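The two complexes that follow have subunit A in common; it is paired with subunit B in the first and with subunit C in the second.
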Partner chain A sequence: MKLPAFRSPGPTLWGLGVFLIILAVSAPWIPVFLLTLFIGLLISATLAYSLNLITGLTGYVSFGHVVFMAFGGYALAFGVGTLKLPPVAGVGLAALVGLALALGIGAVTLRFRGVFFAIATLVVAVAALYIVLEITELGDGQGITLNVGFEPLSMFYTIWGILAIEIGLTFWITRGRIGYGIRSIKSDEDAANTLGINAARLKLFAYALSGLFAGAAGGVYAWNVSGAFPYDAFNLVFSLRMLAMIVIGGMGTLLGPLLGAIAVYIPSQIFLTVLIGFEYIIIGLVVVVIALFVPEGIVGTLRKYIPELRGILE
Partner chain B sequence: MADASLFLTDLALGLLLGCVFAVIAHGLNLIWGVAKVVNVAHGEFIMLGAYGAYFLNLSFGFNPLVSVPIDAAIGLAVGVGFYFGFLHRELRGKESMGLQSEMVTLVATFGLALFMINAVQTIWTGNNVGIPWSPGVFAVGFLQLPLGGLYVAIVSVTIIGLTHVFLTRTYLGNAIRAYSQDIPATRLVGINPTFTAAVGTALGFGITMAGGALLTVWLPTGIYPAMGNLYAPISFVIVVLGGPGKMWGSLVGGLTLGVIIDVGQLFVGSLSLAYAIAFLVLIPVLLLRPEGILR
Partner chain C sequence: MTRVLEVSQVHKYFGGVRAVEGVSLTLEEGRVIGLIGPNGSGKSTLCNLIAGVEKPTKGTITFAGQRIDRWPAHRVVEQGIAKTHQIPKPFLAMTCRENVAVAAMFGSNKQKDLPEALETAGRVLALVGLEAKVDVISSNLTVQERKRLEFARVLGTGARILLLDEIFAGLSPEELRDAIALFVKVQGEVGFGALVVEHVMRAVLTVSEHVVVIEEGMKIAEGTPREVVENDAVIEAYLGVEATHAST
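Then we have the complex of A and B:
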């Protein structure tokens, strides 16, 4: 009888775990303004890891990821505002809505490859905005304003838990059977199909998981800004920020999305107070430069030039 | 009778508007056909063309039709810059665009789009502006239609016709078509691939920006930095409807979409739902006829 080989979680996961645990333990003593900053950072990181599942690992560029986030936000606003759920349950509802939406959209759009998938997701996101504008229950184009108390700590632990689960799942996926399947789809989908990998099912699995977490993050975002408003929630800038984060951090890696989230989110907060309006000009330029000249991102480039890091960074 | 006349008016307006849509999609179609690249920042170049027409009107009093050739010339220059900045590195010495390169250009042009929207917003403010130009109306039977729309439609069809003549009757046009079909074979018969691709891309940008200028006639107050978020998806849908790389496809797709938006608005009673329907047309077309509705 052969025992399954024990696989060490690896230094990257240890590092991420220690980072998250330190954050969680020290949260009650973090001053409120810093705590809101961390909440924003964790939301960004959750979104980045969610896009990483489908774009980074599976190789399908999605421009319409904002749609899950927006509907997640609307789900929380509807659940808390109309159904009087507690906010945490609202986040759960948001995640379910994201999951259902991803299954529905993915079942159709994942049949397209490359450019066509990217365009189809973009068009679905734009069309969704125009549909939401007309729905009376969702605020008739005005959006929904929530009246919930400001509880940064419970918000923080909610998004912390979501991110921790997400990182764990990403690790589990990349290490296991599913990961091999997903990566073979990224390299060559036809070859993967020939080898007996059910590409359609695996893609839908990755996309559904991605939609689930994007929906949950959108729910927390709506909780944070106390409402869901169409032109804010469906702003394609969110799609770009998610893409920017994984491009800068390193697509398809375990550490990359977090690094990217820090690299995009923290400067954006500084620009908000110092150089108003220049934030997206600079993020846009950085994305162009990184996509053209260092397409591997921070993690990929470090691994390329410092071979010693290859065993450590994932 | 009232309903029928309303329907006919919307149909005619939709066809006129569709001609302009055809031009803006035509630019995308050329770039897509030649370089096999989807320019996600396409809407922002339409926006740039519209602002070009606006500033030419503001400074010199030109009407949008006069601005079209000037915008097109600027577009040619911008297109050359775009080719060498974004596409040349990915296309150089390759037989076709790989998936990795495709992802790189998609992400890079998406970043460019965001940069352009916000740069324009910072420089020219986010206010809606427009060109005060309306040459009156003309009557077909009992229909009253805007004369500006008719002029624009004529110019649009002329642009598409001229592109067609250029691509099928001239040496350079044939070289561009050859390049779009088979890059190594193009090299074998002695065509300079870089020059051909650069010209094709530049032409696409020229047409896109000319289309932006033409569009302003339909937008009395609708020029604003983020306008590309509406017109880029419209262009994508048109190109897919007509079939990527098929030049007459842009015209057919444009007319179809113009009619869907204007007539659909009449039936569903709201412009936003009409837009949503027009966008979602893309999905069944991609599923059932991925090569476009034209044969």
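Then we have the complex of A and C:
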């Protein structure tokens, strides 16, 4: 009997690996303005893969991911500003804060399903801003400004490493037993439970990992903008961008979040210099068009219409 | 050692609705019990209570001497009790083999190795006569095939007690005959215990050695199939209702 080799890396992972290695090797020679663009892109990709872990894999749509990112940013700002940690350690702190928050928030919100979960995460996101505004240690509503040197290369390699680990974990999770468990939950949670899957635990696992990476990405973001400021950090647009990225790229896939991040981030940088705000109209239109005509996103659609790609694209 | 499922004086209220009121039954591995009753009599609710999908308001459920009535559903399955869904709920994007492999990996078998679980799945699918559909995506199955897949999945969990919610419903007389023969054959081979919840009298009476009848959440009769069909309360409550429906 011929069984597919489930643990073999496959062309998609190889491709992603080659892409990341080329980036890493050439980074020292990339001009600074391009390097900062790449840093922004990698932060976006990390956020997209983060949301992919929960929304893409389990089907639980979260509007609240900005919370992990924002608190990650505050954790870095507090760690570097107040505790005098080196920025990389601050990113580690940001990841831990994201993880802890996701465990706490997930333990409650993941009891809701479908649209109720989505609403609960949205409520958490709105409430979180007003909580932070009240905390004296976190800048008393003014935010925290950091005075760190501009080190694009160490910033680049930090976010690069986070993304590489995240892609590796996504691959590992989607294969084998856990992957089947998570896909079962996405397909039919009641049926999953009655076949012995501890859906509550698996969902929390995916959500916690998701929070960890969103927190780390938020840490690097704060490092990049030299501080954490409430109305910027908690801007719901971050949540919507993350959703747009995975919808455009292909939910639950291995390559989709990166494609989505490129598709959303690059134009957003161009629009930044041309017509501020125009970006959202375009993203909104693109998401509507995708949802209506190619709901599987770039990766899913390619797989659907080009059968030869099925074994290659994940 | 054969393990015994013991349901005693179980009640389930949904607000003011008394879905199950004081039902008791005993089922051991290797035996087949039928559970019949009119629509809305609480059969499915009772199944859900045993499977851990719902928690009883009152009463206890034990399996192999352990109280299981407060356990979450996945834990009940791990201990060896699995239920089918009245409306089949296959994982639509997966093949039949993958559907059953999920059961093998997470049920009481806990086959953590994926290739091994996929092989088990192949064997189980052959057992229920779905060998031709092994690599078919389950969304392409007919309703009857979905019911068989549902049966294959509970078998795949390795459960020793199966709660089978209307797996014989909606079949043509010919399909029903085949399904009954298949059930008897598989039960003989695997030796599981089963609670067969059914509307179709012929199926229940053929496959079960003992039948429990409930009406409005209460047990009104039990005994061998013959005793039950001759019981006046049953004829009035169950068959009577059916007959009235048939004539209108």
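Definition applied: the second predicted complex is superposed on the first by the 307 of 314 C-alpha atoms of A that agree within 3 Å, B and C clash if a C-alpha of one lies under 4 Å from a C-alpha of the other, contacts with A are read in each partner's own complex, and residues count from 1 in each chain.
Heads up, the rule we're going with is that a residue touches a chain if its C-beta (ideal position, glycine included) is under 8 Å from a C-beta of that chain, and two chains touch if they have at least 3 such contacts.
Owing to the predicted nature of the structure, the values given are computational and were not obtained by experimental measurement.
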Worksheet item: Taking the superposition as given, does A:Gly104 touch the first partner, subunit B, the second, subunit C, both, or neither?
Response: neither
Discussion item. With both complexes overlaid on chain A, does A:Gly114 touch subunit B (first), subunit C (second), both or neither?
Written reply: first
Worksheet item: Where does A:Leu122 make contact in the superposed view: on subunit B (first), on subunit C (second), on both, or on neither?
Response: first
Worksheet item: Which of the two partners, first being subunit B and second being subunit C, lies in contact with A:Pro86: first, second, both, or neither?
Response: neither
Worksheet item: Which chain, subunit B or subunit C, is in touch with more residues of subunit A?
Response: B
Worksheet item: Which partner does A:Arg183 reach: the first (subunit B), the second (subunit C), both, or neither?
Response: second
Fill in: Partner chain in contact with A:Gly59 - subunit B first, subunit C second, else both or neither
first
Discussion item. Contacts for A:Tyr280 in the overlay, against subunit B (first) and subunit C (second): which applies, first, second, both or neither?
Written reply: first
Worksheet, complete the sentence: Seen from subunit B, its contact residues with subunit A in the complex are 38, 40, 86, 89, 99-100, 102-104, 106-108, 110-119, 121-122, 229-230, 233, 236-237, 240, 270, 272-273, 275-276, 279-280, 282-283, 286-287, 290
Worksheet item: Of all residues in subunit A, which touch subunit B in the complex?
Response: 59, 61, 63, 108-109, 111-112, 114-116, 118-120, 122-124, 126-128, 130-131, 133-134, 141, 236-237, 239-240, 243-244, 247, 277-281, 283-288, 291-292, 295
Discussion item. Per the contact definition, I'd like the list of subunit A residues that touch subunit C in the complex.
Written reply: 1, 3, 6, 176-177, 180-181, 183-184, 187-188, 190-200
Item to complete: Sort out for me which residues of subunit C touch subunit A in the complex.
Response: 51, 53, 72-75, 77-78, 82-83, 85, 89-94, 98, 101-103, 105-108, 110, 112, 114-115, 117-119, 122, 153, 157
